[in-house]
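Letters A, B, C, D, E and F mark the chains as written, and numbering starts fresh at 1 in each.
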Amino acid sequence: MEQTLFVINPNSTQAVTDAFDAALEPLRMAGGPRIQCLTLAEGPAGVQTQLDVESVTLPLAALVRKLDAEHGAAAAGYVIACFSDPGLHAVREATRKPVLGISECGMLTALTLGQRVGVIAILRQSLPRHGRMFGAIGLSGRVAAELPLDLGVVELSDEARTRERLLHVGARLRDEHQADVLVLGCAGMAAYRGWLQAELGLPVVEPTQAAAAMAIGRIRLNWHGA
Amino acid sequence: MEQTLFVINPNSTQAVTDAFDAALEPLRMAGGPRIQCLTLAEGPAGVQTQLDVESVTLPLAALVRKLDAEHGAAAAGYVIACFSDPGLHAVREATRKPVLGISECGMLTALTLGQRVGVIAILRQSLPRHGRMFGAIGLSGRVAAELPLDLGVVELSDEARTRERLLHVGARLRDEHQADVLVLGCAGMAAYRGWLQAELGLPVVEPTQAAAAMAIGRIRLNWHGA
Amino acid sequence: MEQTLFVINPNSTQAVTDAFDAALEPLRMAGGPRIQCLTLAEGPAGVQTQLDVESVTLPLAALVRKLDAEHGAAAAGYVIACFSDPGLHAVREATRKPVLGISECGMLTALTLGQRVGVIAILRQSLPRHGRMFGAIGLSGRVAAELPLDLGVVELSDEARTRERLLHVGARLRDEHQADVLVLGCAGMAAYRGWLQAELGLPVVEPTQAAAAMAIGRIRLNWHGA
Amino acid sequence: MEQTLFVINPNSTQAVTDAFDAALEPLRMAGGPRIQCLTLAEGPAGVQTQLDVESVTLPLAALVRKLDAEHGAAAAGYVIACFSDPGLHAVREATRKPVLGISECGMLTALTLGQRVGVIAILRQSLPRHGRMFGAIGLSGRVAAELPLDLGVVELSDEARTRERLLHVGARLRDEHQADVLVLGCAGMAAYRGWLQAELGLPVVEPTQAAAAMAIGRIRLNWHGA
Amino acid sequence: MEQTLFVINPNSTQAVTDAFDAALEPLRMAGGPRIQCLTLAEGPAGVQTQLDVESVTLPLAALVRKLDAEHGAAAAGYVIACFSDPGLHAVREATRKPVLGISECGMLTALTLGQRVGVIAILRQSLPRHGRMFGAIGLSGRVAAELPLDLGVVELSDEARTRERLLHVGARLRDEHQADVLVLGCAGMAAYRGWLQAELGLPVVEPTQAAAAMAIGRIRLNWHGA
Amino acid sequence: MEQTLFVINPNSTQAVTDAFDAALEPLRMAGGPRIQCLTLAEGPAGVQTQLDVESVTLPLAALVRKLDAEHGAAAAGYVIACFSDPGLHAVREATRKPVLGISECGMLTALTLGQRVGVIAILRQSLPRHGRMFGAIGLSGRVAAELPLDLGVVELSDEARTRERLLHVGARLRDEHQADVLVLGCAGMAAYRGWLQAELGLPVVEPTQAAAAMAIGRIRLNWHGA
């Protein structure tokens, strides 16, 4: 039986899904689970507020229950591909399959690549929400700082502008906050990872890739919660 | 204009609402805000899982928006009366009025009454969820331990059984974990507060009272978020 | 019987007492406790050093014992209105009534208004003392930074100069340290709270107001230590 | 070019290598890296002391350099399969390939399966060493407790005795320390993972499997340090 | 010029002073500072409450100022020999000479002897006070637990009873809380240090000795605060 | 019998040994232990990488065993004089005599001189390694920041350049990170301590002196591990 890892974009912007779909290509191995990327139809265009987060938790749980029902054991695991890890613990109750969040896994993976983690957010208003997550995971002491790009949707589609801001913010994290590893605090920026790492001379973690990698392990090992 | 503090029970069990309504009586002051206790019609019978938590967040936000719309400035503030603080940060986005959670305020108030906080939960399965909250607030270092009563709904309605368990768990927190202040990790146990405090010789915090007290201050001072 | 909350200024500068007396006006409710502000005659002109702190602890305890003796149950609670919380735990031993400190309550209240707390001190030399307090309360992990105004007594009476420094330091806390809520680290600056909040776009906590609000709740609920 | 992940047992006991070799079988995927398990010839029979740890660090670095030289890019990554993560950061300097430690990865993976991590060590004398590691990773706040099996080599080969101790220690971690996920603090106990999880009703992490899973992701994504 | 280190007992019980005077004998070196032990005349019989702490802070500062005035540079440093470190930071303002506290130095020294520190207090009521100190120093994460002997003054003079309790409490710290180093949380128990260490098989720190040792270094190096 | 404290430079640069040998002169007291400074012949010219650290751990243990064997009880204690504390815990297993590390003791001593510790490293690449140590000791919360001098060996021998960088980095730690005590993160900079303290107006800790002072206490008190 072929197993599938579903990587779900909680926002409804297909371009984001497409971006991480491409970025997950190296994790598609002949003998490993299929990786299927989905876009949550009910999601907002972007998850920018706590209300956006809350608006997708039950739809995510419902989608996962539906996939479980349709695919049975072939639905082997789930990744929630939004850096706010919306509904992570609720979805874990909705299925016995492995469920991983990209914020959680991005941060955990960063701990294996450096000592002081710098996080690059899109929007300033996300910082408190992320701060609560880092506290809940118990990793606040490893976060050098989180700084925002302060880019709106239109600017984000301007690649030159985005690169400029990534460089600026990444350099601040490195030089003012002594970060020695960076995490992209967003599901849609995989295309910049290698470039940013080369420019700054610091390892850069793309969290959707980090989460999918851990999920494949959990699937292959058949590790469910108890 | 008379101001009202709305204290909302996110579960649909009117008996819980009635219990904290009575417990809030001392906070109803002639010159202070009215305190009106509401039961969320859409809520589950009890908030026991993360899915229960998620199921009430948008209804809570909708209710608060509706109260704001109906009452205007007379709707002066909100308390979410469930120890999982469901939707706390989402509701804060839904209104500019003060919004406080009973878990948050119960824990913060406990810090002024003792050094090592012991928390009494109803169910074991709530411990990880509460642990994430304590981490998010940054208070994990002040929590001596949290232990569950392990009481189901039927047993909770048996007052003698509940007292027996409160005493047992409270004494373990005091004697094995060196707690010197206790927090009741539930909105519906106000009736036991004074008795438990006297029995154990430790201050006991009832979190709905703690939150309503802080909310009255915020209302009177007209402190909104920025 | 009418109950009184005594808010005690441990320094002997009446202007500071007058300032927070005015700021507490909104907390005087018809059915609530009276709020009486007192100046500690034995106090120094300002509490600037640890020796200043120590010089007021026993006088504070003596004053509280005297007020308890004179007023009996009508003396319903006490707030120590100095951001170093001098004698807080000693005064708690001197009376069974609620005793709250403005540093403690200002910080705890800030946790309900933001994720990263920036503190504005008057003098640089107070930072280590405040740092010990934040550590003792277990909140260091929530403090983004504390920065001093570096203003002496004369300069503090220059309102324009004070506003200039408050803006400068508050902006540094927001922009360099990512604070999203500020606490005024002094009992005498209530008059600037609303203005600073509006200027910086961040919630600003005035700690004497925060402490008096929590004390009223404790009084009305009749919550003593055990 | 076929890539190989080398999983190196720093002690010289082939039975331990064989045990995790078998446990890694599910992670051998057609399109993924080969997984080859090696035993460090120079290693002690078991890594029980800090001197044992130090005795293998340079040999591990030398072995990794040798494998890099022999295999070039086909040597795709390394796992150090000892719960003391000996030489982890030194080996990371010896190669640009991904290098992961099983203690680090076992703990990080546990954070995705529960809130309070209980760790089962073989020997009491390892606890301080592990405590230093947890502190260095910044995860001490997530560790509910670590308790030793107190089993010597002979007893460890007695499967019935080992099961008895695993159950006893695991139950203490769950019941006295409120752990909700367990980590096996040793590379050689994979055979007990599923059984212990079923017996205790808690997820149990086998750290060599956890590390190999993360390493495969790093290899496929071609994520080196910067 | 001969230099003197003054070790001051803030309580007025000469027997305690005599006990640590004897215990400091090995630190009296021909070429090192004299060590003179003093009893604070104004002190209470024992420092058991926060009010006791506060009652000695100004007398300690006054005594230190008097010794400085009388002896000039020959008064080379000060140790405050009470596990509550009363007035430590105030006395540091009263003199430019090194001033060390036994709680602080006992805990810091313990960190060099083990990973998890168990503290033995005399009285249960001291635990919150000590907890605040450990938080202020930032060491709470290294404290496995603190447990009280629960011995009153009369019982403390009963050596057999004291030994029995030390053994019981020390064993609980070792066996239930995994402490691997112990600190005697009191200035007057030096006579039991070696015996307790031998009985329990854990290093035991006597804090007055620890502080005097560090003070001698500071004196010899002529390290004042800046 | 005359006792000797051996202070061992794990790198092979005699000039470093000579520098701290001179700096330890004040700790040589008539009645105290001799202090003999040694250079590890096998050491690298400088300990700059984790591989450098690992390269000296076994030689250090061997040297200590040899000294123990040659001198018996006259070999009274050991200090490892490199800010990476190489082999500290391994050497503690190799002898029952006191063994102290300069990083550990420098940081602990700094806690008695200020609240926020700024650390001055030589090289940027040492920061993650030091960060792991601070985490392992549990002191990360007390570290304001660590910043590098970014000086290579040649520049370090340029005294004017070194002073310039010390001033610059020390001022950044004080002004941008609110450090109120500094630690020199290197064994070879004792000659700058007093000068830097005077220039910056902050206490500055020289870690080899700090460690030797604590070691003398341990030797005189005859405190071994248990």
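The working rule: a residue touches a chain if its C-beta (ideal position, glycine included) is under 8 Å from a C-beta of that chain, and two chains touch if they have at least 3 such contacts.
If you're wondering where the values come from, they're calculated on a predicted model, not measured in any experiment.
Chain pairs D-E and A-D differ in how many C-beta pairs they share in contact, with the greater number at A-D.
By residue number, over half of the touching pairs seen at A-C are also found at A-F, the match among E-F, A-F or D-F. We define each chain's centre as the mean of its Cα atoms; on that basis subunit B and subunit D are separated by 42 Å. One simple way to say how far apart two chains are is to compare their mean CA positions; for subunit C and subunit D this gives 51 Å. Separating the centre of subunit C from that of subunit E, both taken as means of CA atoms, is a distance of 32 Å. Shown for subunit B are the residues that touch two or more other chains, namely 114, 128, 132, 135, 137-138, 140-141, 176. On subunit E, the positions that touch subunit C within their shared complex are 49-51, 53-55, 57-58, 61, 87, 89-90, 92-94, 128-129, 132-133, 135-138, 140. Within the complex, the subunit F residues that touch subunit A are 127-128, 131-132, 135, 140-141, 145-147, 176. Per the touch definition, subunit C reaches subunit A in the complex via residues 114-116, 141, 176, 178, 180. Residue ranges of subunit D in contact with subunit A, taken from their complex: 26-32, 100, 104-105, 108-109, 111-114, 137-139, 141-142, 197-198, 200-205, 209-210, 212-214, 216-218, 220-226.
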